[in-house]
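Dumping the structure here so I can ask a few things about it.
The first chain written gets the first letter, and so on, giving A, B, C, D and E; residue counts start at 1 in each chain.
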Amino acid sequence: MIWNNWIPLLVVLSSLLPGLVIFTLSEKQWRVRTFLNIFGAVAKLGLVGWMLWGVYHEQHFETRLALLPDLDLVLRAGPLALFFVSLSTLLWLVTTVYAIGYLEHSPHRSRFFGFFSLCVTATVGVALAGNLITFLLFYELLTLSTYPLIVHRGTEEARKAGQSYLTYTILGGALLLFGTVWLYSLVGTLEFTPRGFLSQVDAQHHPTLIIIFVLLIGGLGVKAALIPFNGWLPKAMVAPAPVSALLHAVAVVKAGAFGIIRVVYDVFGIDFAASLGVTAPLAWLAAATIIYGSLRALFQDDLKRRLAYSTISQVSYIALGVAIAGPLASIGGVVHLVHQGVMKITLFFCAGNLAETLGVHKISEMNGVGRRMPWTMAAFTIGAFGMIGAPPVAGFISKWYIGLGALEVDQGWVLLVLAGSSLLNAAYFLPILHAAWFRKPPEKWPHEHDFGRHETSLALLIPPLITASLALLAGVLAMLPFSPLEWAKLISVREFYTP
Amino acid sequence: MMLADILTIILLLGGAFFFLAGTIGLLRFPDVYTRLHALTKADNVGLGLIVTGLAIQAQSWAAAGKLILIWLLVLLAGAGVSYLIANGALARGVAFWKR
Amino acid sequence: MGAQLIQVDWAVVLIMLPLSAAMLGFLLPGMARNIGLLAALLILFTVVGLGWQLTQTGVYSHVAGGWLAPLGIQLHADGFSLLMLATSAIVGVAVSIYSTGYFKAADDQRFWPTWLLLWAALNALFLAADVFNLYVTLELLGLSAVTLASLTGSKDSVSAAMRYLLSTLLGSLAFLLGIGLLYHQYGSVDIAILSERVNDSTVSWAALGLITAGLALKTALFPFHFWLPPAHASAPAPVSALLSALVVKASFYILLRLWLGLFDFQQDSTVANMLGILGATAVLWGSIQALRQIRLKMLVAYSTVAQIGYLFLAFPLAQTGGNRVWYAVAYLMLSHALAKAAMFLVAGNMMLFGGHDRIVNLDRVVQRLPVTVAAFGLAGVSIMGLPPSGGFIAKWLLLEAALAQGHWGIAGIMMLGGILAAAYVFKVLGYAFIPSPVPHQAVSVPARMQWMALLLATLAIMAGFVAQPLMQLIGIGALFDSTGSMP
Amino acid sequence: MSMLFFYALIGVGLFTLGLLALVVQPHLLQKILALNVMGSGVFLLLVALGGRSQPVVDVVPQAMVITGIVVAVSATAMALTLMLNLSRSSPGAQLPEDQSADS
Amino acid sequence: MEAVGLWQSAFDLMLGFSLFGLAWRMLFCADLFKSIVLFITFGLLMAIAWVRLEAPDVALAEATIGAGLTGALLMSAFAKLRTLDNSLKSGQPLLPRPRLHVINFWIALLFTVLLTGGLAYAVLSLPSHSPGLSDAVMSQLDSSGVTHPVTAVLLNFRGYDTLLEMAVLLLSIQSVWSMAGMSDAGEVHTSPVLNVLIQLLSPVLILVSAYLLWVGAHAPGGAFQAGSILGAAGVLLVLSGRPLFNLKKSWLIRLMLVAGPAAFIALATLTLINEGQLLKYPVANAANYILLLETLATVSIGTTLLALFVGSQTEAVQQDQSHQ
């Protein structure tokens, strides 16, 4: 059992240490670098697998280090934490492979992969954080380690995007810090507790708690790209494709969404939050973001920007599912954390492939790409259908549960939002698919690279195929044990609602 | 009141008078050279009178000797410095006062 | 062996060692560098010795000359002294090594003896328990700091050093007048004796005013900060690091000690609140000015003005917030010293590298001086107060106290200051990534200069993980605990 | 006895007079003189009030003042050197902020 | 006695107001040269004030260091300033007027008046009798090794302060050298009268210095006064064109500069090892230790003050030459 106390720390270190070593490597030592990357990712996967098994059998994994005289740095692997850790670990592995292929000839790869590893470290830390201060620590580390990735290209545009990203996230971090400290000075603890730890707080402090809730959600909403805090996300698209994948699917927006789940369920407790009356406005905000993101996506010609707005919309499903405050909706929201990740990363991989192989960046240039790159576009199609919510892809499951959950607690308006958003999703994805598969390819692609036998380099092709299959499997096999859905149900039972 | 005390008072007052005269000369005379003249002459005598007046009151010969020594030093320094000042003024072409 | 080592007067050695080294260096200019480096390492070792001694036996005190106070002078070392001594030792060793790359051999005889005297002044100051002795150390410190600040000899640096000299002398005189009044009222200059005798009297208030004003001037609290940015920005980089990291802290250290020991007679919080307001203004003004600068060193110097403001925010909070606030201040002093020294060393590297320190023309230094830029980034994390870093711990504690007491203004100022700090740190980092329209001739920067900056910055980050043991160390002698109302 | 307080008050007067001159006078030599006058004021106060001890005056302030005088001459020497260095690079021996617009 | 007391009071009042008036004229007159002359006068009057306040040691220090050497430094700096700045050529008192806005000036004045009032109020609130530390000093005087209390305080009771002060002196010369760039003494124009004067005065000054050093143990005098007289002798020699030191190379000069502080440190270390406390002299040897310290300190103080003067003087000469 002693070992179990160190495993959460090891999970964090398994990407931190390789990351730090990678910084010191020169550009030429790509073998060592690749080995470290893959080794770290695989080791982390192994550790996470071990913990999954353990948590399923109700073992405890908790690392506790003193940070301040009365505040600890806590890493604890509960079901919810593991849910997010598994997602980011798995996708890190895939993204690393993809990034190795994507950046094959570009400069400064040591720096890139170093920060990449730090980014994953931060994400895993966010997931495993056992109290709000630990969460905050890794949350800020995430901000810091993504910044160099966004400005990685070193252009003036990249610098501006980085600046904008920071403006939002630093402000968000400040709100979060403010709320956290306030909460601590009010109740004297920050430990994440299943079903929350605030329900006992004296009624006279309830208005204060509402303000704190707003501060915390505001801080997290920046990364989760809730309106009005989403201006940074489309701009950050200047970063290389693996970074976009990371931002949208693995780390940043997910950290925000995950934080919202934590705050609602493990700090306030869903029942207490609902009784404070703060969940309903959150639900409206999430719904508004869903519609807003979809509408904006409709009018983008740049593929990555359209995907970015799609992310804004899709991530808010998580917040929506959480804020509806019904058991089924919670499951829908939480499971979307994984589903959206897998689907969106597929789409970004595919967009990256198109850009890297054919130089295609705009939707208007995508005519007939399905014939030139069938595998890539097949993956893209699966992802897109998932986004729309068409069965049997994973996205359907999430929407289904959110819808059921909304009905369960008599929030019928949510169905309208779901339907509207699905229509809009269809409206901005189906034309792409139509153009890709049924229009004639042009004479010449903007910037074509020849990768020999395959439609593109294998390192670029295999990752989207894997993630697309995962998206499909998560939908088809949703009822098997250890599927995302089943695990989300486990979380719901163990952490969210009193049985 | 002893004779010595009376003598001291007279000498000190005489010294003070010379100092006063020297100071008035310093303030009222028109140029560097005349001012130097007033200052050094009057002050040397004034200090001499004061030193003598004090020496009468001295407890020991050694103390009186120290007082005399001070006077001699001041004489020496005063003479040397006033020469240097006058010489410097001359070298810089400071004009003589003419009526 | 251990029993004997524990008897060693480590604290006295800490004063004598740099003094002797300064003299040797003065006597043998050609060997000044080697003497200085050796002394630096020995000082570090001695501080470790003192730290060990304090953990074993508690507070250390020494009766200089064998004459007990009030007639004689006492030396006193508690946890807070130890913290400052250790900070000086760490920054001092790093800067010493850095300076071997920065200064040409010909400049050694101008730098080393003065720097060693400054170090001696710092150590003596942190160990002093006598206000007149503090005055002497303060003068030694101020004059050596001015000398170092003028080392570049450029027009800017000379006028800055002149302004610095006038300010520091004015501050010392106000301090001296204050302690003179105290002496004539209470008949002693020993802090311990004074702290028993000082009561609420006219003279106490006059002394409070004079001493606080004098030390605030030396600490460059707004609006007395006017001398700091030009002086720190135009000095040679290693000197800037010393000035910003250690010298301004020294006068604040005195202020804090006297505040806790002597000036606790005042019950209403007017003065404390006023200091707090000035501190708040300093945070905003310094940060905004930093953001507006076009030269890196000026930016870093204005950042010091802002960070000093945070130290003064503690005064109103400590009225009811008790010891935790002072621990936060001590922690902030440590982490700011490490981070700011690192930043100035970084600025020195960039200046050496490109021949200028205009921020918009940094020209991809991130690729060409990765270690240096990493140092700046890490130091920036601590300056911004982001986790995990020493600065975060300090700001967390301060913010907690502010919110617990309902000091909304202070809490707001702290948040705003952190955001502005992020803005100016990332302004630099952003330009470090992109190419400059005017590419510059790159001069290679010695590795030790880069790694020393990174070392200090890393320590500033590491300070975020050792809060608990460090605070136990600072707590030796319970300087802060005696004043607090909270456990 | 009251004469001691008179001297102490003169000391206070010298201190504040020097402060005023330090702030308003632009020339560095004047500023340096002003600091010296301020110092003399503080010293005067220190020693004068030491005379309140009877029958023997308190000599500890005197010792402090001797220390102070030595510090003052050191500081003055440094300040003068700096002033000359400054006036070598820019005429007028003034700090930039005190320089009048026409010079 | 009443009459004497009255005269004395009148004298004190006159002296005090003269000091204030002189300071006022010095700081607010438009002619720098006049300011400096007034400063020297001010210093001499201060010396008289020290005597009136029963502080002959301070009077000696003030006259030699405060008025004498500081005055010499100011004069020498002024001479050099004049070569650098044409507006200061003799006879043209063209000091810039305060640039402060009139309103700001009045605010500053108002602030000064308020500060003066406040400080005066605080001073007057002090008790009219206070023993200070005189009892403690007197009761321990016997075991201090000297009979003159000021020397006992400076060299024994608060010897650690003096140690640091020696460091300040060392710093000052290190500082002036590093700021001005060390230069060798240049040629000086001299005159036969000056030479004779100096030939006569120098030995006397050295003698006086030695006397002050020795007498310090039981009467006013001591290392600082002796050192400054020694320094003054050196200044005279330098002025008369004797290139006393080749400052750049001579390690002998450096040794002399360091001797005082080094003696303090050596003794501090020795006593720390032998007695367990720094600068704690065994009573039997205290007198010898103090004499040793004072002797070496006198050498260092004299050399330092001289070097400070030379450090500024030589450059002035060079500037003069380059000007011609």
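Following the convention adopted for this analysis, a contact is a pair of C-beta atoms (placed from the backbone, for glycine too) under 8 Å apart; a residue touches a chain by one contact, two chains touch by 3 or more.
The structure presented is a predicted model; accordingly, all values stated were derived computationally and were not measured.
Least step count on the touch graph, chain A to chain E: 2. Across the two candidate interfaces, A-C and C-E, the one carrying more C-beta contacts is C-E. Each chain's centre was taken as the mean of its CA atoms, and the one lying most distant from chain B is A. The central chain here, found by comparing per-chain C-alpha centres with the mean of all protein C-alpha atoms, is C. Look at where the CA atoms of chain C average out and do the same for chain E: the two points lie 31 Å apart.
Rounded to whole angstrom, the centroid-to-centroid distance between chain A and chain D, based on C-alpha atoms, equals 67 Å. One finds 26 Å separating the Cα centroids of chain B and chain E. If you average the CA atoms of chain A and of chain B, the two centres end up 97 Å from each other.
Looking at chain A, no residue sits in touch with two or more other chains.
Shown for chain C are the residues in touch with two or more other chains, namely 132, 136, 139, 143, 146-147, 150, 153, 177, 181, 183-184. Multi-chain contact residues of chain D, defined as those touching 2 or more other chains: 15, 19, 45, 49-50, 52, 60-61, 64, 67, 71, 74-75, 78, 82-83, 85. Contacting chain pairs in the structure are A-C, B-E, C-D, C-E, D-E. Of all residues in chain E, those touching chain B in their complex are 90, 191, 193-194, 196-197, 200-201, 204. The part of chain E that touches chain C in the complex is made up of residues 118-119, 121-123, 125-127, 130-133, 136-137, 140, 156-161, 164-165, 167-168, 170-172, 174-175, 177-179, 251, 254-255, 257-258, 261-262, 265, 268-269, 272, 275-281.
On the chain C side of its complex with chain D, the touching residues are 132, 136, 139, 143, 146-147, 150, 153, 155, 158-159, 161-163, 165-166, 169-170, 173, 176-177, 180-181, 183-184. Residue ranges on chain E touching chain D, taken from their complex, read 8-9, 12-13, 16-17, 19-20, 23-24, 26-28, 32, 35-36, 39, 42, 46, 49-50, 52-55, 57-58, 61-62, 65-66, 69-70, 73-74, 77-78, 80-81, 84-87, 95-100, 105, 108-109, 112-113, 115-116, 119-120, 123-124, 126-134, 137-138, 149-150, 153-154, 157-158, 161-162, 165, 168-169, 171-172, 175-176, 179-180, 224, 301, 305, 308, 311-312, 315. The touching residues of chain C, when paired with chain A in their complex, are 364, 366-367, 370, 374, 377, 381, 384, 386-388, 392-393, 396-397, 399-401, 403-404, 411, 415, 418-419, 422-423, 426, 429-431, 433-435, 464-465, 467-468, 471.
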